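By written order: A, B and C. Residues from 1 in each chain.
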Amino acid sequence: MQIKVARPGLLTTIQDLGRRGYQKYGIIASGAMDNWALRIGNAVVGNKPEEAGLEITMSGPVLELPAGLFFSLTGGDLKAEIEGIAVPMWRPIHIKKKCQLRFGRPILGCRSYMTVSGGFDVAKVMGSKSTYLRAALGGFQGRSLQKDDILPIGTSLIREGKWRERNAFFSAPCWYVPQYYVPSSKETVTLRYTVGGQWNAFSKRSQQDFSAAVFSLSNQSDRMGYRLSGPKLMLKDSLEMISEAVAFGSVQVPPDGNPIILMADRQTAGGYPKIGQIILADLPKTGQLAPGSKVCFSEVSLQEAEILYLEQEKKYRDLLRSIAWNLLLRAEA
Amino acid sequence: MDMKKEVLKTELLPLGEGAVLIEFGREIQPEIHRKVKAFSDYLERHSFPGFLEYVAAFSSVTVFYDPFLVNRKDERPFQTVCRILLAMLDVVQAGDEKSADIVEIPVCYGGEFGPDLEFVAKHHGLTEENVIELHTQGEYLVYMIGFAPGFPYLGGLSEQIATPRRSSPRLVIPAGSVGIAGSQTGVYPIETPGGWQLIGRTPLPLFQPQNMSRPTLLQAGNLIRFRAISLEEYQSYQEVSVCR
Amino acid sequence: MFTVEDLREIIEMVEKSSLQSFELEQGSEKLRMTKAANGSLVKESQSFADEINNKVEIKSLGNKVVERDEEGINVIASPMVGTFYAAAEPGGEALVKVGQKVTAGSVVGIVEVMKLFNEIEAEIAGVITDVLVKDGDFVEYGQPLFRVCAEKS
């Protein structure tokens, strides 16, 4: 089975949970910007959590879907439609008749994830199917999708259960995974953080500004990092910092005072002081921000951050069980 | 909450709730680097539940983990990881590190491969041959790999040829380019923009993504020597790699 | 075709197992069972436009297992045990209001079970006359959720 790309969209790449174990060689981790959406998307089509999906950014592609395909859309709501009919999200969809999937303007968030049952059949590079564009590594030929690309798909892992025959083109179940985090572009998004390694090197004024002001994502915001505009953050004195490792969500401040939130395609190490670290539980929400989004930061203790993450992961595992149950029970008729 | 360890004089600091940074010092120094290397070597052979990966830098090693997989009843993930790392640090001594692998890098200096060789020479009142001699005489320690896949941060460049970065960076630096920036020297494994003074190029592939056990030619802790080669020898390397 | 004896055996197996819920289809007849909190098996129907009042015990299984639609005022009942939500996403607008027209396929509410949202469909065309539960209420299977005045066909 395969999907043909009729139009590629703004930036559509194959991403899984990232390349792990190679950052010590300077090889970027990459992976989905919103890994919650990818993991849930995989779960509802019966895939392992680390299977690769398509990360669809802002302006989506036009894809030709074959009959028999099981797929799902999670993450940002980019107004997906099949032949003019809205495609419900966060649940598996079964295609009955060859058709075209299109997207409209973003309603919520910025990145949508398309998972297919059986996954995309592209080669792994260093253990991962994620695309690292700068080094033309992984994914579909190391690049974002282009017109006429053919995406091969693995064998489907699920079957239809008592699903609603919604229309001539697809059916879907009545159940879905509710989402609580994808922001709309109108709201100011609060990102929780723990204080960074060099927090104490910043002036009192800058510490206050960081935790109180509203920042916005500049146009230089992409998979590598989000450059923020707002009050400039300054150090107390000049700091000679030598390079050390950074993480997804590290907020570093270069000499110009404009903070950068490091994202999926960040470099492995950096020499700029770090004022904060976005908590793991808020990374999916962070992955749904786009240029123009407004954010503010709220400090939490390391202990609170751990608790929030553990709760999220427990909820994820509970969801895995429910989803598997629904897929198995309703299919075994 | 930081935890200090007096013996090895390390500090354990959180990098968010998913990583711990072990600081062995705050300077770029071979002595500190030996500790980094010793601990990295240890992590190559030992793991713990929830361990994801590590990144070694000049004077620190950062250990990434999944707090959910690390989590034990009655103990916070950060505490569990610190406890495990402190136990490991107890066992590892500086001097435990594997003896350094010496890697020789053939470089074709000057001409179209080293468009800034002339500038570097003039900057120091030297001839181009002098610069090449000083560059190839040195033994360079790979402190860390970062910034780009396989990109080495090398220490040990002779002060006599240390040259500031170009005022305007180039948009494209070909892969294999050997350059100088301040008191650092290095090799670009992949094509990137950059502001280094380019003095030559190596035909060796520094980044081999298909080789899962050793995707980069250089690793932290290697000792590098540069060897000057002719254009013909450079081209013969290229032919060999085309045949492969 | 399953006999009554077959069905009894299946039910006993399900009861002893760790399965929480079980569905069986036989031609146009459907049977669905869910374990209540105390572990006893409880029968549910697949057709939701009926008013279901009593828990049917296993020994009544000799009868037909499909409930029939009633004429006139119909009740949309919960097909499962869980938490009722009036909107499709947390904090969203209510899916239906009193006086709203619905078709058989209209989604009128959500029941959350094991962290998943389940769309409750009207299964009947008509007008909502009563909303019997509020957002966040815990509902039992068979509990009336809405009253619908059916469209005369």
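FYI, a residue touches a chain if its C-beta (ideal position, glycine included) is under 8 Å from a C-beta of that chain, and two chains touch if they have at least 3 such contacts.
Because the structure is predicted, anything quoted here is derived from the model rather than measured.
Colleague: Which chain has the mean of its C-alpha atoms lying nearest to the mean of all protein C-alpha atoms shown?
Modeller: Measuring from the global C-alpha mean, the nearest chain centre belongs to A.
Colleague: Report the chain whose mean Cα position is at the greatest distance from that of chain C.
Modeller: B
Colleague: Based only on mean CA positions, could you tell me how far chain A sits from chain B in angstrom?
Modeller: Their C-alpha centroids are separated by 30 Å.
Colleague: Counting only Cα atoms for the centres, state how far chain A is from chain C in Å.
Modeller: From the centre of chain A to the centre of chain C is 36 Å.
Colleague: Averaged over CA atoms, how far is the centre of chain B from the centre of chain C? Could you give it in whole Å?
Modeller: 63
Colleague: Using the touch rule from the top, collect the residues of chain A that touch chain C in their complex.
Modeller: Residue positions touching the partner: 162, 164, 174-180, 315, 318-319, 321-323, 325-326, 329-330, 333.
Colleague: Name, in rising order, each residue of chain B that touches chain A in their complex.
Modeller: Answer in residue numbers: 1, 13-19, 21, 23, 26-28, 40, 52-60, 62, 64, 67-68, 71, 76-78, 144-151, 153, 189-190, 192, 207, 209-210, 212, 215-216, 219-220.
Colleague: Chain B touches which residues of chain A in the complex?
Modeller: For this pair, the touching residues of chain A are 20-28, 125-127, 134-135, 137, 194, 197, 242-247, 249-250, 267-269, 277-280, 302-303, 305-306, 309-310, 313-314.
Colleague: Name, in rising order, each residue of chain C that touches chain A in their complex.
Modeller: So the residues of chain C touching chain A come out as 19-23, 25, 89-90, 105, 112-121.
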